[in-house]
Amino acid sequence: MVDVLIIGAGVTGAAIARELARDERTILVVEKELDVCEGTSKANSGIAHAGFDAKPGTLKAQMNVRGSRMMEQLSKELDFPYRKNGSLVLAFHEEDLKTLEELLERGRRNGVEDLRIITAEEVRALEPNVSEQVCGALYAPTGAIIDPFLMNVAFAENAFVNGADFLFGAKVSHITRNQETGSYTVRIRTVKGARKEHYGQNAAALPAELTIEARTVVNAAGVYADEIHNLVSARKIHITPRRGQYLLMDKAAGGFVSATVFQCPTAMGKGVLVTPTVHGNLLVGPDSENIEEKEGTNTTAASLSYVLSRAGLTADRLPARQVITSFAGLRAHGDVGDFLLEEAEDAPDFYDAACIESPGLTSAPAIGEYMAQLIREKHPAPARPHFDGTRRGTPCVSMASLEERQKLIEQDPAYANVVCRCELVTEGEIVDAITRPLGARTLDGIKRRVRAGMGRCQAGFCMPRQMELLEEQTGLAPEEIVKSGADAFILFGESGKGVSV
Amino acid sequence: MANQIRELTCIRCPMGCQIQVTLNEEKEVVNITGNTCPRGAEYAAAEVTHPMRTVTSTVKVIGGELPVVSVKTAGDIPKDGIMACMAAINQVQVKAPVHIGDVLLENAAGLGADLVATRDVEAI
Amino acid sequence: MNTRMTRQIVVIGGGPAGLAAAAAAKKNGAEDVLILERDRVLGGILNQCIHNGFGLHTFQEELTGPEYAARFIRIVEEQQIPYLLSTIVVDLARLENGRIAVSVMNRSEGLFVIEAEAVILAMGCRERPRGALNIPGYRPAGIFTAGTAQRFVNIEGKMPGREVVILGSGDIGLIMARRMTLEGAKVKVVAELMPYSGGLKRNIVQCLNDYGIPLKLSHTVVDIKGKDRVEAVTIAEVGPDRRPIPGTEEEYTCDTLLLSCGLIPENELTGKLGADLSPVTSGPVVNESLETSIPGVYACGNVLHVHDLVDYVSEEASEAGARAAEYVSGKDCAAGEPCAIRAVDGVRYTVPAVLRIGKMRERQVIRFRVGEVFRDAEVVIELDGKSYRSVRKKIMAPGEMEQVILPKKDLEEIKPSVITIRIRTNM
């Protein structure tokens, strides 16, 4: 029996796990994929929104502003990239200027600091590359950019070293409430490569099916949160996957804008933005499209060209030739429109952290706190004696100063051996990504932790070498190594067997 | 006249000359044009009567610094024997070290050419 | 960070270009040459190009890639030219004394700087990945550039696919179509966006036609299916605007998509150094000596412009090596006024792009590529707008590099300030 079982190791589930780990209780995070950060958390804008967009009085507004305020300090405690680059919402005509006034007013009511409307000249002084058509902007100095993968990884790792266990490749199939004891029986089906991670022990393989008893269940299942909720509650909810497509450009284009540049929001979302990333690339997107398929993360020619043309309104000289990859993410849009953060009315001790669409990434630290507090109030527990809320990430050789690099190399010469030449990622970093607590077991897992293969050649050169390091460090066979999903294998076995006598 | 003209792209070198081969009724080559070197004429004559190819592949290495070593047929073999040649190549395993030019299989699949290593793979 | 050593000539890259450049530099009198190679062995991409067809020009015999590389490695070993393996150059900067600071990292020596009198850039190129092609669809495993697949099969001895679709008809894609077929895979189709192949004609014959693999020109991939591993790709015909024509879609069940859609010279370091880059080739702009806009910095091979023949890479690299040796020897003759070469009317670029007549060899090779397929056309060379010479060509295609030769004595006589190279078609 575990005290709390959290479904989903995205940024929301991981943040909740870390907050709950402050107290003396057993925590198990159950994730259907083979790594953390595999759903909505991995495919979004990577923005810590200032908080002027959400309707005052909503949970979205409350969590966004609280999350935004926590973010900088948290990025230091948990060592993930954060840069307060400010954000702009551009106005192109009179109508837009009215919208800016509304946003300003909303922002003030939400408690966003230092918001102001600036003139076209001021905009161009800040961002020389924006369109000539701009006639003013809302400026939010507290807007920031973060690394969404590393924030998610950091929450999960920190929860893990403070006692939370993780199951990967474990999909919840049934949940039943035991009417006598009030606890939940959670049935799980696993996929190839499924494992249990317990801090200080080697990962253990999981059987095809297993059952876990939990006192409390937290539903942080992203676009699947409706299915999970509806397993236990008669009050059905519905989530629409709302797809957004992005294009990522080379670091050569990273200096094109310095702030995160939005257009005026529409009914479907915040519109197409143009932003630098914390690693110096340029990101444009997303569009917004309601779809049915919860795994529908495919891009489409129509949307990608729409995103480029919309982003072209923001900046007509957008360096579209520098695109190195495109991707799609699914926002978990609930029918109600706000986050659902509560104990289910007809299922005691079953908590939803559901319908987490934008600004979900920004809100994650606040949602973690909020959900932990709800559970704590009902089931108080003493503080964990040796809780350590800090984490040191993998050193980043490409961003390090010469002195820092020297020092790293002195400690371990593997930090001088470059594997991914586009992003200058060394063997030392990749080995650390694999061997650190809750380390990577997939190629995408390595990529998200240390950026190997994220550059302009997209792993063309370094994939074989990364696979070699995964084999050496984990004992996986080459044919067992996957990109991300259980069946995303890279190789079909040895050559020389195609034709025989 | 029942002479027949065949158009070929020469593969002897990367120039890729367009060669015209004239065949008589007995399927004998009577004229070759379009080639820029004697190798081209040789190729064209062979291509219309008995096409030949060099086969390159890899062979499994035991105890080497690499799992496979690259190989080639030391000369051309009949084109329709390529898959038989591959089947023979796939039967071969060698122990490291292997060196460039080492014969790994004599007269591969009886097609008239030896299989030789095209790189060094040292033992570990 | 300390300057660990000074060198006359540092060659960045130990592939075909770097090896030939280093050997030529040494042969031409440079005593102190060092090769820096990021891989664990010398030879570069040739190590995985196990097919034959190399060396006809250089050695008058037909060699495979590894054999060709071994010839040059032996020369470098015989000349006792030192090299560092698994060593990456992280930065290049020009010092006030005119030398080049080469910042280097490797496992055994850490991070250090080599101060070089001259540098030869020979870093090669990379393949255009899926993302840069904007192919929509899912992002499953099973999408490889042809070169990555080639490495898996030929070096690691592993099969990256069983049922294969190839997008792009570049030479590596064609070679891999045959290689995968020989290994028992089924290559279903090669789709090429352009109305002509990007590879050599001989490779169409011996890699596709020999095995009955269809080549669909003016076709592209419009969708990729499969969440974890590739399950199918959809191919559609494109119109003259290169956009897919609705209604022409065809789905191919497969587990693998190989991409052979162009090579991009790797010039991130060249950019850091501040050398002028050509937007057409993505390589540095060089003069007759293969010298970049930074004095003492030379470029050769695929880092300069993408070649289709390694023999020409060796030839070009030998010239760069010889020129660098002359540079460090101080035996520099008068250069003369620079004369620009303009590539117009179907000629995409030329290498070199600038000639200093005083520094020309007796016969100057000008290499170029055309932008479309030309049949029965003329390459016309003009000096200061006046027709100088023309060469008739039966066929010219973007996939095959062309060259013309300019004799020094003619240019010395005429002293042109602009040379124009254009294609004239018979209308």
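For this structure, a couple of remarks:
In order of appearance the chains are A, B and C, and numbering begins at 1 in each one.
Keep this in mind: a residue touches a chain if its C-beta (ideal position, glycine included) is under 8 Å from a C-beta of that chain, and two chains touch if they have at least 3 such contacts.
Just so it is clear, the model here is predicted, and its values are computed rather than measured.
Chain-level centrality, scored on Cα centres against the all-protein Cα centre, points to C. Counting C-beta pairs in contact, the chain pair with the largest number is A-C. Chain A and chain B have Cα centroids lying 53 Å from one another.
For the pair chain B and chain C, the distance between C-alpha centroids works out to 26 Å.
If you average the CA atoms of chain A and of chain C, the two centres end up 39 Å from each other. Under the contact definition stated at the top, the residues of chain B that touch 2 or more other chains are 57-58, 60, 67-68, 83, 86.
Shown for chain C are the residues that touch two or more other chains, namely 153, 155-157, 182-183. In chain A, the positions touching at least two other chains are 494-499. Residues 47, 50-53, 56, 62-64, 66-67, 70, 153-157, 179, 182-183, 200-202, 204-206, 210, 308-309, 394-395, 400 of chain C are the ones that touch chain B when the two sit in their complex. Residue ranges of chain B in contact with chain C, taken from their complex: 8-14, 16, 18, 53-58, 60, 66-68, 70-72, 79, 82-83, 86, 100, 118-120. The part of chain A that touches chain B in the complex is made up of residues 494-501.
Note for the complex: chain C touches chain A at residues 1, 38, 86, 88, 90, 105-111, 126-127, 129-132, 134, 136-142, 144-145, 147-148, 151-153, 155-162, 182-185, 222-225, 227-229, 244, 255, 271.
Considering their complex, residues 57-60, 67-68, 83, 86-91 of chain B touch chain A.
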